[in-house]
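In the two complexes that follow, chain A is the common piece, with chain B as its partner first and chain C second.
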Partner chain A sequence: MDIRAGLLKGDKRAAARLITLAENGDEDAVKIISEYYHLTGKARIIGITGPPGAGKSTVTDKLAKLLRQQNKTVGIIAVDPTSPFTGGAILGDRVRMNDLSTDQGVFIRSMATRGALGGLSKAVHDTVRIMDIYGMDYIFIETVGVGQSEVDIVKLADTVVMVMVPGLGDDIQAIKAGIMEIGDIFAVNKSDREGAERTATEIEVMLDFNRTTDFRPKVINIIARDNDRVDKLLEAIEGHWNYLCKDSNYQTRKKNNIKTEIIGLINQYVVKSIQNDNQSNLIQNMVEKVYDKQIDPYSAAIDILEKVSLGKQQS
Partner chain B sequence: MDIRAGLLKGDKRAAARLITLAENGDEDAVKIISEYYHLTGKARIIGITGPPGAGKSTVTDKLAKLLRQQNKTVGIIAVDPTSPFTGGAILGDRVRMNDLSTDQGVFIRSMATRGALGGLSKAVHDTVRIMDIYGMDYIFIETVGVGQSEVDIVKLADTVVMVMVPGLGDDIQAIKAGIMEIGDIFAVNKSDREGAERTATEIEVMLDFNRTTDFRPKVINIIARDNDRVDKLLEAIEGHWNYLCKDSNYQTRKKNNIKTEIIGLINQYVVKSIQNDNQSNLIQNMVEKVYDKQIDPYSAAIDILEKVSLGKQQS
Partner chain C sequence: MDRPIRVVVAKPGLDGHDRGAKVVARSLRDAGMEVIYTGLRQTPEQIVEAVIQEDADCLAMSILSGAHNHLFPKVVSLLKERGVDDVLVVGGGVIPEDDIPGLIDAGIAAIFTPGTTTTSTIDFITQNIKRK
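Showing the complex of A and B:
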């Protein structure tokens, strides 16, 4: 199969194969994405995040269906906080999207937080780009909103929807707090449950007290399962897009994301450099020295950096 | 205040001050830790992790009290998944440890997952080391066990205790799965709740099917709040230590951790290098080019790596 030709012709298998290559850290994948980089930037990227149990999959599912009714094509990248230890958890979640997965205008991809060689963040970036080149109008990145790396991933979206849920208790409040600042829209899902109004009010209060930018996120009570007020959520997403299109908002956000990505890539290349065949002895020797307390880890790191030839290794 | 003298004399304020410096990425902190690096390695490092609401603080609290009864000194590093957006969440949790915090043999430090300049992982590593030099016999690292970075942090411990809780529902199962492989001991807390035995059995089954190393983790039902069977948990921690002391188990684990730390430090130094005054234009120009689609981010990263002088910047 010629991936290049397939990708441009809209062959889903070609796109899927390229994503797998990218996930495995294959150099060819990077080459192909680089070649077609000028074709990216057309897709709208929506991050869907929130605490476990908030119903993120269902929200994504319903939003995707609404967009399909408007004849928009939709990519979905589901980042699951699971591991090679039990791969099963991914499947259960994705089964709910079954009716979407037979739709040719929908492209679903699950991604584990481990296992992606060369970093999850890069794998998600690459997948977004491939789906963009492939021609998806909207790309959803769905990830559980706890943990620094997961938060970093969702930040690459144009619009971040925080999915909340009533009555998660005090302990979840701390997590909610940690991810609050990255939300552009807050959806209180399962709003038929007790305390939905209170949760919405709490969020509103936090937003009033803490917001630093001129954009004021909307808080919307929804019941995704029943498709209740999901259209209002989509309207809010469009509203945020309109905000981005004003002045230099979009540019600023995009450039910040590009900077973060480049720094991430540099880090990856550095790690690759110091772990490659010629230089792996260097780090192993240093580990022995640190273990024997002949040198401290800080000095060891600097020492390796001075000895390693980073630039050349890449060319 | 002379931090060096204070630290060796056992002045808690000196140690606390040094931790703050380290958190702020201060170069002097690195210097002092490097100087005293040969004094590290005496403390036993215990990671306490698990899903939100499992009662990790209470478990740490009770273990610390047991150790204090044995005249051991205890350091506690509580990593909170909170943010500058709401600093309050940390406090609420820590209040429970109030009776411990007045004990001179206990050193408690809270750390937010954001805000630590130069990376949370480095800040935790540094704090462990400072508490070790300061003379703590046991050092607990307490962190919510969801999210890649948080899992990475707890891995630096000699022994990782996974705190579970009955009846968290299906959604939490996925998270449990993600952190399962790093647990050396499993404590099912709140075991007076319905389903405690079933949760323990489920964990046992998963361990039977998936364990790859020769060490079989113990699963222990506890009620930390009532101090019920916390002594059994401490026994299990000692049991894991005995395993580590056999053959080269400890060495292997420690060397892996050292390698991870060195790579992390190298990454930090690289980021610092490319963001410093002389070179910040380099990355900013590249961001503009990527934004304008004149170059793709992968090529941009390699280009910067080739132009930047990493080694020299550090010396």
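Showing the complex of A and C:
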């Protein structure tokens, strides 16, 4: 399969295969994404997070349909947890998005966390880029519903929608510090249920106390199942985007994210090249020396760093 | 192979429940696979799209309603039409012995009936997926 040609021609199989390569840490994925990196940055990236079963997939499905009516193309990355015991996973988010499946302007990819913490999988960042290159106007990322550790989404998404449900009162208390900072918009889903207004009010109150930025998140009651007021949610997403476009901090934040990514990659490359050199027993020899007290571990690490051939590897 | 096998589990047709498919999904997960579960009442077109977008190694379909002779081959031919030739397709459900040879001819790699153990299903998939 010619992934490069397919990717630019809108061939779903090519994009899908490239995502697989990225997920499996294949160096070809890095090569191709690097080649087309200049084509990234056009898509709007929306994070959808919130507790398990809150309706994240249903909300995503309905938002995607609204955007399709406006002729926007939509990519969806839906992350579910990998079982720490078996390494397997059940990725069930497509169940709520079945009629988007055959829409040529929609690309849905389910993804397992594969051991990553923080509610996303390591390959999510690459997958966002692939979908961006592939030409998706909007990219939704549905995180694992983990309650507290979905912080990673903030670094990736332009706008984070926190999906809540009525009667979460105590849970909100428990997780408020984390989530109040994460959400740019709060959608109280399942507002067909009792207590929806109260939950919205509680969130408003907590926002009064917990928000440090000058942007005031909107709190919106929706019934995603019935497509009720999801259009208001989309309006709020657009509203947040308009705010970002005027916000001088936005660029700074993007640049900080790039910096974090580069530093992360440096870490990764250094470890990788040390492991490559490991075949020549560089580390093992040092272990012996440190064990025999010929050298201390601090000097050993610097010694190894000086010896490894950085910059030689391709990726 | 040092990556998880990805399997789309789908129920084409109008079956009213998916307990059996969920049992299979769970056992595949417990065998270390990533199972993309698509739920009830899938059209062949939806299934094929899911297989493509998820870049699955294997498609496992289950039918109880008796429509297997129509739906299974339909999915296989749609996959062919889309140029997908590296996905292992297996079927299961309530399927009479007599129908099995025809389905195999139509391009279903294996048919698992209610008597099949999950272990043999897992082994078959592991040994027969077409990509490294």
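Just so we're on the same page, the second predicted complex is superposed on the first by the 236 of 315 C-alpha atoms of A that agree within 3 Å, B and C clash if a C-alpha of one lies under 4 Å from a C-alpha of the other, contacts with A are read in each partner's own complex, and residues count from 1 in each chain.
Here is the rule we go by: a contact is a pair of C-beta atoms (placed from the backbone, for glycine too) under 8 Å apart; a residue touches a chain by one contact, two chains touch by 3 or more.
Bear in mind that the values here come from a model prediction, so they are computed numbers and not experimental data.
Trainee: Examine A:F107 and indicate which partner it touches, taking first as chain B and second as chain C; both and neither are also allowed.
Mentor: Touch partner of A:F107: chain C, not chain B.
Trainee: After lining up the shared chain so the two structures overlap, which partner does A:T20 touch, if you call chain B first and chain C second: first, second, both or neither?
Mentor: In the superposition, A:T20 contacts chain C only.
Trainee: Quick check on the superposed pair: does A:L282 touch chain B, chain C, both, or neither? Answer first, second, both or neither.
Mentor: After superposition on chain A, A:L282 lies in contact with neither partner.
Trainee: Would you check which partner chain A:L234 touches, where first means chain B only, second means chain C only, and both and neither mean what they say?
Mentor: It touches nothing on chain B or chain C.
Trainee: A:G41 in the overlay: touching chain B, chain C, both, or neither? Say first, second, both or neither.
Mentor: After superposing on A, A:G41 lies in contact with chain B but is clear of chain C.
Trainee: When the two structures are overlaid on chain A, which partner does A:K12 contact: first (chain B), second (chain C), both, or neither?
Mentor: In the superposed model, A:K12 contacts chain C only, not chain B.
Trainee: Please determine whether it is chain B or chain C that touches the greater number of chain A residues.
Mentor: The partner with more contacted residues on chain A is B.
Trainee: For A:Y291, decide between first (touching chain B), second (touching chain C), both and neither.
Mentor: Once the two structures are laid over each other on A, A:Y291 reaches chain B alone.
Trainee: Taking the two structures together, which residues of chain A meet both chain B and chain C?
Mentor: 82-83, 86, 88-89, 92, 114
Trainee: Sort out for me which residues of chain C touch chain A in the complex.
Mentor: Residues 3-4, 6, 25-26, 28-39, 42-43, 45-46, 49-50, 52-55, 82-84.
Trainee: Which residues, counting only chain A, touch chain C once they are in their complex?
Mentor: 12-13, 16-17, 19-20, 23-24, 82-83, 86-92, 94-95, 98-99, 101-102, 107-110, 112, 114
Trainee: What part of chain B is in contact with chain A in the complex they form?
Mentor: Within the complex, chain B touches chain A at residues 30, 33-34, 37-38, 40-41, 51-53, 80-83, 85-86, 88-89, 92-93, 113-114, 120, 125, 144, 146-150, 169-175, 177-181, 206, 210, 251, 254-255, 258-259, 261-263, 265-271, 274-275, 283-284, 286-288, 290-291, 293, 296-302, 304-307, 310-312, 314-315.
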